[in-house]
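Down below are the structures I want you to see.
After this come two complexes, each holding subunit A, first together with subunit B and then together with subunit C.
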Partner chain A sequence: MSEGLIEVRVASVADVAPKIREFRFTPVAEALPPFSPGAHVVVEMPGAGKTYRNAYSLMSDPFNPENYGIAVRLQDESRGGSVFMHTQVKEGDVLRITPPANLFAPHWAAKKHILLAGGVGITPFMSYLPEMQRRGADYELHYLFRSEQTGAYRDELKKALGERFFSYDSDAGEKCDVRALLAQGAPGTHIYICGPESLIHAVKAEAEAMGVPAGFIHYEEFAAPKPGKPFTVKVASSGQEVAVSADDSMLEALEAAGVEVTNMCRGGVCGQCVTRVLEGTPEHRDDFLSAAEKSRNDCVMPCVSRAVTDSLTLDL
Partner chain B sequence: MQVEMIPGVKSRPVYTPVTVNPRSQRQIFIAQDQIPAALQSLYDGCEQGEKSLLTVVTTGAAAAGGALSIDDLAQRVASLPQSSSFYLAGSEAFMWDIAKLLTDAGFISDQIAMLAPLSKERRLFCTHCYTLMDHVTHSPHVCSGCGRALLVRDHFSKIHRAYVGVQINAEDPADLPAAAEELS
Partner chain C sequence: MLRVAPTKLETFRDDFTYSNSREAIERFPFPFPEDEYSYSVNIEPHTLPGAAGSVNEHLFDIDEHYLSEMAERAQVLKENPKRCLAMPHMELACWDFIDRAMTTMAADYPDYFSLQKNGEQWHWQNKLLQLDDTFTFGDSSTLPCPPLEYMGRQVQGDIALLDQRDGDLFLDAGIVTCPADWSLAFDAGMSFKEWHGPVPMAHEMGVFERALKYLTAIPLGRPVRRLNWTLTVNARMDTSPETYPMWGVENRSVTAENVGEKVYLRVELQVLDRMARSNALMFSIRTYLISMNDLVTNKDWARRMHRVMKTLPEPLIEYKGLTHYHPLLVDWLAQYDPAN
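After this line comes the complex of A and B, so read on.
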């Protein structure tokens, strides 16, 4: 997926929390396309021996994108992407990104929006907020972080949002009562979560227990593909065999071997990369296929899923 | 008569058996004018959450004790918690009207269950003059707005909450079928 990429220059690099670094991109050639609140881009990171591609939410005001801002948390179990961004990328560098895509747009028909950010999960809401303010929407931002690692932008958010801003610093022992948050929900209150899997699961479980329908809960998680046991992918059309190492995702291994697979979120949520399985049994790790589809084992999402069998033949 | 343009694509709502969502804090059963047996037994069998059985008057007939007008209902639902489920019974048009009222109040379709419609009557939307007609039982149906003979299609428009009616034999409107066909 090299065509359609946009070249951008790193205009600034700033540390905005102990483990979070902000990057501002300006266009190299023509102006950056506008985007909608909640959109993300995939940044291509040409590391030594391996090209990383990670999705990051855009933090700028969507209707005034003089630059694109992203914030990258240094991941403890980084597979390289966030380390690359933190250690290799300097002001003035040129990087390639995909055009913006959006899997996490606000539901404007909602009567109230409760935004729940965990750590670096604040990023998509940075593009929600200017538009929510413009529209006069009713919203609250609940920001959960650990001040020793995350918590970027909290002072400016507090100033800009006033009473709509709630912060919880778990390093200071502050806790967010998710149940109370959900219980205040009048009809038409939609909840948006961006943060670690544990936060998303906690809110979903609480909502389920309280009988709040899943349709009110929206979330985005860009989980990096987790490692697993190595296996081989066979490309049916060419007979090519591609080894997938423990740390690479199937999608990355295919891309490195020159096999193109349509993709967008690279995190098992958008459905773009769905590929037919002709032989072998996939190990499903995505959030896209339904339980019934997974049990049929005839499709797989190569961006996050792996194989139970030693090899997997794909209809590519 | 086969009116579907694309084989296999059905846009007629399908009403599957309704079960109670045990997790809801509030269980609201809503009937049109009278409580049909199916709704009553669903209500009787509902053991979780705080339940209410409501009747909404649509006929203009004398409201029996406790029956609500549409406006009363709108007021009631405004104070319900998000954890509510709704079970609707009545004509198809009634149920879709109530569903609209509920989604306007901020609820989502996941929390709204419709029982099988109590009659075969359809609400018809004239695609030529935009008139809405209730209680349509035969096709073609003469539009009360523009007088065209409308073929009642199986296409249900969720926006209009009605079936779509198009002029029959547009080339030669005088060429009408000998008898109107009863709708199923």
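After this line comes the complex of A and C, so read on.
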């Protein structure tokens, strides 16, 4: 995991909404590489008893970034990552990040792009917008937030995007009519959603009911691994037994025990960590495996999923 | 150091004057790790720089055939401009390719290439092809021809740029003038599984699902490579479906007497490298040709070549187009295998 990490300095820390804090990173050594719209990095957070690793979308202009920006929402049920970022990270600190990777790139052949952001889900679109403007793409940004908690950057977005910007502050009683929004989409329109699970599901359900092909709907939600009951992972190749505590993910517990598992997003999206299950029943919490694959219970994504049984034997 | 012979142009057609120096033979990427043929995806990290002098040393390998291959490419493009295609949404990926190629080539071969960046104003010199160009990075109107063609005419090997969307890869741009019997114009726009459709046996093995999962996750700055191989009769670079009438008949020209000079092992060093701004994957296919006569100067290669050819499954013999001369080749190679 530490191979190829980039050291960055925290150049600035700013509160951009009541519960959202923005961090700007500058390089310690070589210039930061350009990246593609929608890319994310995984930030390593060396906590007291445990190292957290969370994926965050990059917000800078991707073409020639002078710095990498991320925005972190303080999670109500944080296992520690967002609390660490909000309370421990100060200007001048040095952190390690992965090189940018992308699971949420725009479909550039689309006739039109409708971007739907919920709360801190605005972040990947912050890197879409400069490239969309450069290409003269047809797009709209619909931004749903609660001004008492989120809603970062809405003033500057309104100013920069003008008629392409639509905002909905649910704390002010403003609602987004998703059906009407989808109905006005001309053929060839692609929809991008980033926000809470509830928003993604609502838009997907509406789109499905209206017959919008699945290939035109794109979404990204990094599900931070949620706590669950403790269990034991058995590593088939070595016979090693690794205890997974209530607050640790299976992936984190394996890494702490020195067992390497290929991974990228650490949030149930990319599918890199999928591992064969030899014994025991997994509790699937990912967004990668299909319903059929999940029902076979012969593989699991250790980044977010857990176990129904007291132990799980993995083909590692 | 560098084995560039900038004076004499060799040909890959008509009189076939292509030949390998002793050094080129020694650095040839012999592709068989075992005596028995076995199919594997065999992808490994392309850690740079690789072993000094080897074909893996640099991202773009420039060798003694540079001028000859660039002349051959120009000839193919003249005859058929559709060997270079880029869909409009791939323009940024083409510029990513220019950035990656110019930046690494100037650093890896400073005697031959130089790059100066002044903001978005770039100054590129290719002393081998005597080019000296200044342009605005990202602005295609400032180049003498479209960006992929411009840089593609300056690197050995074919280049495909794969757009990545919905966990799949699409062949949406490329410059392909030395393919092992595939057509860019035919495959353009296809998904990963579509363009691998004709490959026998591998589908049942789930090879493509695993490969796709791996490829879509290739991170920035961590390229991977694999070797692919086939056989070609005569040192012909352009074995494409478009020119099949030219070379298809040559498969029947192999005899027991001329195997050593007619049959070439054709090895592709395939490298996949993530493009920074577009998230596209660059797929470079660098082709190396070696005659059987030159190959058997290495006793280990000669013996192994015989054993691999002998155990090659029938569907692969057919897929690779070796049917006409495969038995002749196995018989000829047998003399180099002490087990026989």
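Everything that follows uses one rule, which is that the second predicted complex is superposed on the first by the 316 of 316 C-alpha atoms of A that agree within 3 Å, B and C clash if a C-alpha of one lies under 4 Å from a C-alpha of the other, contacts with A are read in each partner's own complex, and residues count from 1 in each chain.
Rule of thumb we're sticking to: a residue touches a chain if its C-beta (ideal position, glycine included) is under 8 Å from a C-beta of that chain, and two chains touch if they have at least 3 such contacts.
Everything numeric here is computed off the predicted structure, so don't read it as measured data.
K.L.:
Using the superposition on chain A described above, determine whether A:188 touches subunit B (first), subunit C (second), both, or neither.
P.N.:
Only subunit B is touched by A:188; subunit C is not.
K.L.:
On the A-aligned overlay, A:111 touches which partner chain: subunit B = first, subunit C = second, or both, or neither?
P.N.:
first
K.L.:
Based on the superposed arrangement, let me know which partner A:147 touches: subunit B (first), subunit C (second), both, or neither?
P.N.:
neither
K.L.:
Of the two partners subunit B and subunit C, indicate the one touching more residues belonging to subunit A.
P.N.:
C
K.L.:
Which holds for A:245: it touches subunit B only (first), subunit C only (second), both, or neither?
P.N.:
neither
K.L.:
Of the two partner chains, subunit B (first) and subunit C (second), which one does A:51 touch, if any: first, second, both, or neither?
P.N.:
In the superposition, A:51 contacts neither subunit B nor subunit C.
K.L.:
Quick check for you: in the superposed arrangement, does A:210 touch first (subunit B), second (subunit C), both or neither?
P.N.:
A:210: touches subunit B, not subunit C.
K.L.:
With both complexes superposed on chain A, which partner does A:62 reach: first (subunit B), second (subunit C), both or neither?
P.N.:
second
K.L.:
Share the list of subunit A residues that count as touching for subunit B in one structure and for subunit C in the other.
P.N.:
Shared contact residues on subunit A: 215.
K.L.:
Within their complex, state which residues of subunit B touch subunit A.
P.N.:
Checking each residue of subunit B against subunit A gives 21, 23-25, 49, 77-78, 80-85, 105-111.
K.L.:
In their complex, what parts of subunit A are in touch with subunit B?
P.N.:
That would be residues 110-111, 182-183, 185-189, 208-216 of subunit A.
K.L.:
Applying the document's contact rule, which stretches of subunit C touch subunit A when the two form their complex?
P.N.:
Subunit C residues touching subunit A: 87, 89, 92, 138, 163-167, 213, 217, 219-222, 275-279.
K.L.:
List the residues on subunit A that touch subunit C in their complex, please.
P.N.:
4, 33-36, 38-39, 62-63, 98-102, 105, 107-109, 131, 215, 218, 264, 270-272
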